[in-house]
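Below are two complexes that have chain A in common, paired first with chain B and then with chain C.
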Partner chain A sequence: MPAGTLYRGREGMWSWVAHRVTGVLIFFFLFAHVLDTALVRVSPEAYDQTIDIYKNPFVNLLEYGLVAAILFHALNGLRIIAVDFWEKGPRYQKHMLWTVLAVWLILMAASLPRILEHTIKTIFGS
Partner chain B sequence: MTAVVEETAPGKGHGATAAERDHTLITITLRIRRFNPETDAEPYWQDFKVEADPTERILTAMMKIKAEQDGSLTFRRSCAHGICGSDAMRINGRNRLACKTLVKDLDMAKPITVEAIKGLKLEKDLVVDMDPFMQAYKDVMPFLITSGNEPTRERLQSPEDRERFDDTTKCILCAACTTSCPVFWSDGQYFGPAAIVNAHRFIFDSRDEGAEERLEILNEKEGVWRCRTTFNCTEACPRGIEVTKAIQEVKRALIFRRV
Partner chain C sequence: MSATIENAPKIHGGGPSIESPRSKRSPRSTKTNFELYGWLFMRLSGILLVVLVLGHLLIQLVLDGGVSRIGFAFVAGRWSSPFWQSWDLIMLWLAELHGVNGLRTIINDYAERDQTRFWLKALLYTSALIVLFLGTLVIFTFDPNIGS
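The block that comes next holds the complex of A and B.
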């Protein structure tokens, strides 16, 4: 049965969608991460070669995306725990979401220069 | 009071002439998702233009369409005053009661979409099969369970004890919450918010002795643990019940075994 329009959920629903999406993204990262780290058992050279592939601005940008996904997933995870365990959690879920997003934004801004340092220097010169 | 109104403003209110009333009327478009199982393979959208006062309800506009434009338009409504819970539908993408949604509270310039609630089998236009919903309700045993001899007088309860479950007594079983739940859309076996709300109403009633049984039912795979706290149910409830909070209280009662 075709679903018709998309359900117009509010903060609660979209934070849940974002939590799922970031969760899946983190899973795929871990999948690749376990594989590339396991290469060290094949040979240290194979490991070094693979890691060298990662040393470019595109992967650096992906790293920043990974930080974004993990930070949101972790902070929103705390919010969900509070919703389930704190008596007043359900009533303050929106406030907690705004807090999560504010902290996320601060941490993202703070980590930007450090993580993208090399890429910025490579592209724009030092 | 009525007499005063008539005296000071003879041309307004109930005494308004047809011309004065028409002045406030605007033309709105209802984009209704139609489906006739006998002729249609799939649901489709149909636009209806209808004259409505901004202070009127969507239900009024729909009854006007049914009376004046297309008698085959099918939807449920009974009391039309937000108590029977018959006319839950998805209006502009959100579950609401058509009889409690005013035209002026929606974007009147754009077509207003009206669809059947999601997750239950569509039978015709806006009518869905409510049986699975009612079965989940029955499964949580929504009645007083006691033991021992029946008292010769009322079962008394302190105001504080009554207050404990006051919020969940307000449910009208309209299914707006259950059919707003993403978990229910993908897993029709989930008890759903409405059944949990009605279980909550008895679990936390000091006069009731069936809490353990109900908690066990909701402790099963398709019980409260399916809840992902998206709060769609709380947003959708036309009675303002804090549905997610009630579900959370049942979860906590299960974890800490304290009612």
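The block that comes next holds the complex of A and C.
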């Protein structure tokens, strides 16, 4: 078999697995999230108490994880679309995957202090 | 654009299973182009969701204090604007339909018994109806004075 034709176990497969796992994760979050938002129809107190959970330091960290999942799914989703619609897409799919990972890393690093600001202030004082 | 045709599910082909190369066309699930439209929808909604969801996360978690400032008063302020109401409504429908169609594919891939598939999909579609109904209702009936 010529080199580079084996899909299984290579980058193409792992990015597909990661795309699938992140998609499911976001879907389950959305279910819970529409329920928590619906509490605005119950009372301001019920909503505020539930939203306080989002401000717990551990949950705040989970939010950073959610952002990691969505950013990967979004960037890799654009890569999938490019592979399908751009005639040179299939040839550059691997380059595009490294680009996706680089952009993902930059955005994750840049947003870290902002997303965890609440936790940093709660733990270390303002 | 030539790659489009090759990668899309074939017109009148489709169905979730992959047949062996020379088997006869199955008479089932070849009547509509549902899989093709589903495939296109995943890509179109995906492009819109990049803006809608990443914009949402930027507002909710990054800008101007992030998660610290979220509460009933914050939502009341945002949903006083038809622009953000529409944003949330479109995001709700696109994300939910995109996610449901994605999960439908995944169920087709892993659940092999017809019965298992049926029940998993019944659960999936029921959850989608709840989310779409409740989410839409909440946006249209939001009352900023509910507490007083």
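Criterion: the second predicted complex is superposed on the first by the 115 of 126 C-alpha atoms of A that agree within 3 Å, B and C clash if a C-alpha of one lies under 4 Å from a C-alpha of the other, contacts with A are read in each partner's own complex, and residues count from 1 in each chain.
Quick note on the criterion: a residue touches a chain if its C-beta (ideal position, glycine included) is under 8 Å from a C-beta of that chain, and two chains touch if they have at least 3 such contacts.
Since this is a predicted model, take the numbers as computed values, not measurements.
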Which of chain B and chain C A:Met13 touches, first, second, both or neither: first
Greater chain A contact set [chain C / chain B]: C
First (chain B), second (chain C), both or neither touched by A:Asp48: second
Touching partner for A:Ile26 - first (chain B), second (chain C), both, neither: second
Partner chain(s) touched by A:Leu62 [first = chain B, second = chain C, both, neither]: neither
First (chain B), second (chain C), both or neither touched by A:Pro90: both
Touched partner set for A:Leu112, first chain B, second chain C, both or neither: neither
Footprint overlap on chain A, where chain B in one structure and chain C in the other make contact: 80, 83-85, 89-90
Chain B-facing residues of chain A, complex: 1-13, 16, 80, 83-85, 89-91, 93
Residues of chain B touching chain A in the complex: 33, 42-43, 90, 92-94, 113, 115-116, 118, 121-122, 180, 182, 228-232, 234-235, 242, 244-245, 248, 251-252
Contact set on chain A toward chain C in their complex: 20, 23-24, 26-27, 30-31, 34-35, 37-38, 40-41, 43-45, 47-48, 51, 54-55, 60, 63, 67, 70-71, 74, 77-78, 80-81, 83-87, 89-90, 111, 114-115, 117-118, 121
Touching residues on chain C, where the partner in the complex is chain A: 1-4, 7-8, 43, 46-47, 49-50, 53-54, 57, 61-63, 65-68, 70-73, 75, 92, 95-96, 99-100, 102-103, 106, 127, 131, 134-135, 137-138, 141-143, 146-147
